[in-house]
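One chain, chain A, appears in both complexes that follow, with chain B as partner in the first and chain C in the second.
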Partner chain A sequence: MNGFLRAAAVARKDLLMEWRGRQTITATGMVALLMILLLGFVLGSEPGRAAAVLWVALGFAAIVGIPRITQSEVEQQALETLLLYPGSREHLYWGKGAALLLMLSALLVALLLLLGVLFSVDVWTHGGALLGVGMLGIVGLSAIGTLLAALVLHVRGRELLMPLLLLPLALPVVLGCVRLTEAILAGTTSAPWLLVLVVFDLVYLLVCPILFEVVMDEA
Partner chain B sequence: MRNDLDVAVDTPAVIARGLARRFRVEWAVRDVTFVLPPRSVLLLVGPNASGKTTLLRLLATALRPTDGCGSIFGCDLVRDADAVRRLTALVGTSAGAYDLLTARENLRFAAAMGARPDAPVAEWLDRVGLTAVADTPVRTLSNGMKRRLALARAWLSSPRLLLLDEPYSGLDSEGLTLVAEMASDTTRRGGSVIIATHEWERGMKVADAVLALAAGRPVEVGPAAQLTAADLAAAAGGKR
Partner chain C sequence: MKAQTTLGAAAVFLLAAAAYTSLFASPPDAFQGEYVRIMYAHVPNAWVAYLAFAITFVASVLYVWKRRPDYDHIAHSATELGVLFTGLALATGSIWGRPVWGTWWTWDARLVTTAMLFLIYSGALLVRGLSDDPQRGARLAAVIGVIGFLDVPVIHYSVVWFRTLHQPASIAPGSLKIAPPMLLALMLSLLAFTVLFAYLLRLRARLAWLEAGGEP
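What follows is the complex of A and B.
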């Protein structure tokens, strides 16, 4: 219970700061918007391309937004204070991960609406399924992203390192989401990709908190 | 015999045995050995880069010792790091507060993280004189007010070992009184305090013992009463 309260306090603090500063959501939103407009312009706005465009835009937005969830701690010289609170550092992982998940979820909803307009995709009919797959993808991105945000905390050139680490690790999640989104929009199903997505989510959720604790111990 | 902190009175607040920390090839702290009894205040003096802050961070478990060992009220600095964190509070040179949150929100967060969600935050804000600016974002507060907020955050956890790094800088006379009050409150409850400062004259008013560092090594350890002002001035300036 204490761990849950600590994680909730971290998530609340991160979301409150984001609400007041709007730094992460502005940066990720701008990148996602630009990616969608650019890809739509270059590839054409056929509905068949919507799934890939959505997840490429979300993936690049995540690359920009993920380092911010721990960077603010460093900028405000509050990291040491945070690490010196008693209790497991896993709680910090769950709190920061939850805040990231909520921010990316808000972005997902906005992008789905945008996709509906720009790519003439019927997001309302398939809304539940699209959101369900989207949430599975965002859980995976948040799980691995929170760990990587801690890993690149003190690295010079983290802007370069983040995509190099995130893209390969998030590839199964992004690929699964693209295939599943395509299947939903085409009115079919794709059980193998759903299994891939769920398995990777579970693996990340089991492994990343443990690694986060190790990484933060060395911070 | 036990006191109100449930710590055996004879358990030393700090035991350091050959404590050392190296950053790459540079030794920041080396061969630091001392025992600090409970209910006492240790003044840590030395010139810039003498290792005062590093030693405080070692005792707070913010850093792991490269060599040597130590314990806080019987809890090992490495093996029982979490227990040590429950016993200690470090007030560093920066406030470590979140600029976009208010003073009240910062303290509420600290209370939740320190497993004291029901802590009377308003009372603590009042105690450090921040009631009037309790709901103002920290970014608009002066440095002195931020320091007071950092003191309140540390005080809130009722630490057994209070580690203060340059606590007198940026504080007005009221703030300085707060630091003295905080130190005496901690020792009254059976805890101990370590104050690292350049302002040794001010620190000597509350200190029971002095540890002087130069280039990371202890050069003077002893009861405050036995040290002369000349000894301290020389030790604080690194001339020993």
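What follows is the complex of A and C.
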């Protein structure tokens, strides 16, 4: 069985479990919705605020959602079994990362539509660009999030550690996406920030799978 | 132990010399007046903090690769010292910023990212402390030591792209924007803090080694 099929099997398993329970997507969706409503109400819903509100909401939703992608293995004590399957553990990373990527992308689409309604920004004319930039950000979030989800597994107080680790590490993603989303909504673009996002994504996609094997090493 | 004592004595001597040079022997700045003297404490703190995180990075990579406990002792010690000196750099920067910029804090990219480094490495120390066994804790902290350091280039380039209140670096290759006596004071302070850091690092790494049982 080659690596791609192994990763696809892990992703399929995670997505199937999510489809049957729909716990993660409900939890992250509710958090994101609450953040958008709260920030929109507190700050005022001028279109200029939309980009910042969107990415703060997505960031907080990611904090809630990311630990859940390894939670089920711990609850069912299936992690050892998963690790015992022959082949490289890197494929587990790619499978779990792909499942996380799909869930966060679905959330991004829903939130963009919501933003169009609540903040009266024109998401339709710039739809493609907004999704493209959003996906760059979500690739970065998923790349580092999958590693952190595995990292906090055997640590006490992991609900505390996830925000402490994810938000500072993913800060370039959030900042870059806010600036780029603002630029797109204003009808321009910002090459340096695009470069920040692409470099961040490439670096962490390269490094995190290797470190994932270190984290999952059952010593 | 003798080398350690010598290093400690050298640190004390250099710190005294640096304090004298930066407080009395160097002139006040044309624009900042006496406030410029805070620089001789702020810049070495920041330098040592980055040096500590660079050492953490190298030691973490080596630990992940070779799995020898000495590398972890160095990484652990360097992380702790790095967090301490980052905190000091943020505090002295704040004290300097108040009279010179007129504000304790500004949302400049370099300030924000230094604060983020402070949080990331505090997180690494927390992960190590809260982990269910010390070996796993060492491994997880090493992973954060690696990914945390990859954030440092973002700091550097964000300064270039943001162009906010933070003054451009005073010592850039090819162009010197600082008077020679002030440069001497700054260099002496940098040297003194680096020797102090080496002394503390050796001391802390030895403590980590003793805590782990002291096997050679």
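Here are a few things to note about the model shown:
Here, the second predicted complex is superposed on the first by the 216 of 219 C-alpha atoms of A that agree within 3 Å, B and C clash if a C-alpha of one lies under 4 Å from a C-alpha of the other, contacts with A are read in each partner's own complex, and residues count from 1 in each chain.
Quick note on the criterion: a contact is a pair of C-beta atoms (placed from the backbone, for glycine too) under 8 Å apart; a residue touches a chain by one contact, two chains touch by 3 or more.
Just so we're clear, the structure is a prediction, and the values are computed from it rather than from any experiment.
More residues of chain A are touched by C (comparison of chain B with chain C).
Of the two partner chains placed around the shared chain by superposition, chain C is the only one that A:L151 touches, whereas chain B remains out of contact. Shared-chain residue A:V215: touches chain C; no touch with chain B. When the two complexes are overlaid on their common chain A, residue A:Y204 makes contact with chain C while staying clear of chain B. Of the two partner chains, chain B is the only one touched by A:L84; chain C is not.
Contacts of A:L165 after superposition: chain C is touched, whereas chain B is not reached. Legend: residue contacts after superposition of the two complexes on their common chain; A:P192 is shown touching chain C, with no touch to chain B. Residues 144, 147, 151-152, 154-157, 160-161, 164-165, 167-169, 171-172, 192-193, 196, 200, 203-204, 207-208, 211, 214-215, 217, 219 of chain A are the ones that touch chain C when the two sit in their complex. Residues of chain A that touch chain B in their complex: 2, 5-6, 8-10, 13, 16-17, 20-21, 72, 76-78, 80-88.
In the complex of the two chains, the chain B residues touching chain A come out as 57, 60-62, 82-83, 85-86, 88, 90, 92, 94-101, 105, 109-110, 112-115, 117, 137, 153. Partner chain A is touched in their complex by these residues of chain C: 64, 112-113, 116-117, 119-120, 122-123, 126-127, 130-132, 135-136, 139-140, 142-144, 146-148, 150-151, 154, 157, 161.
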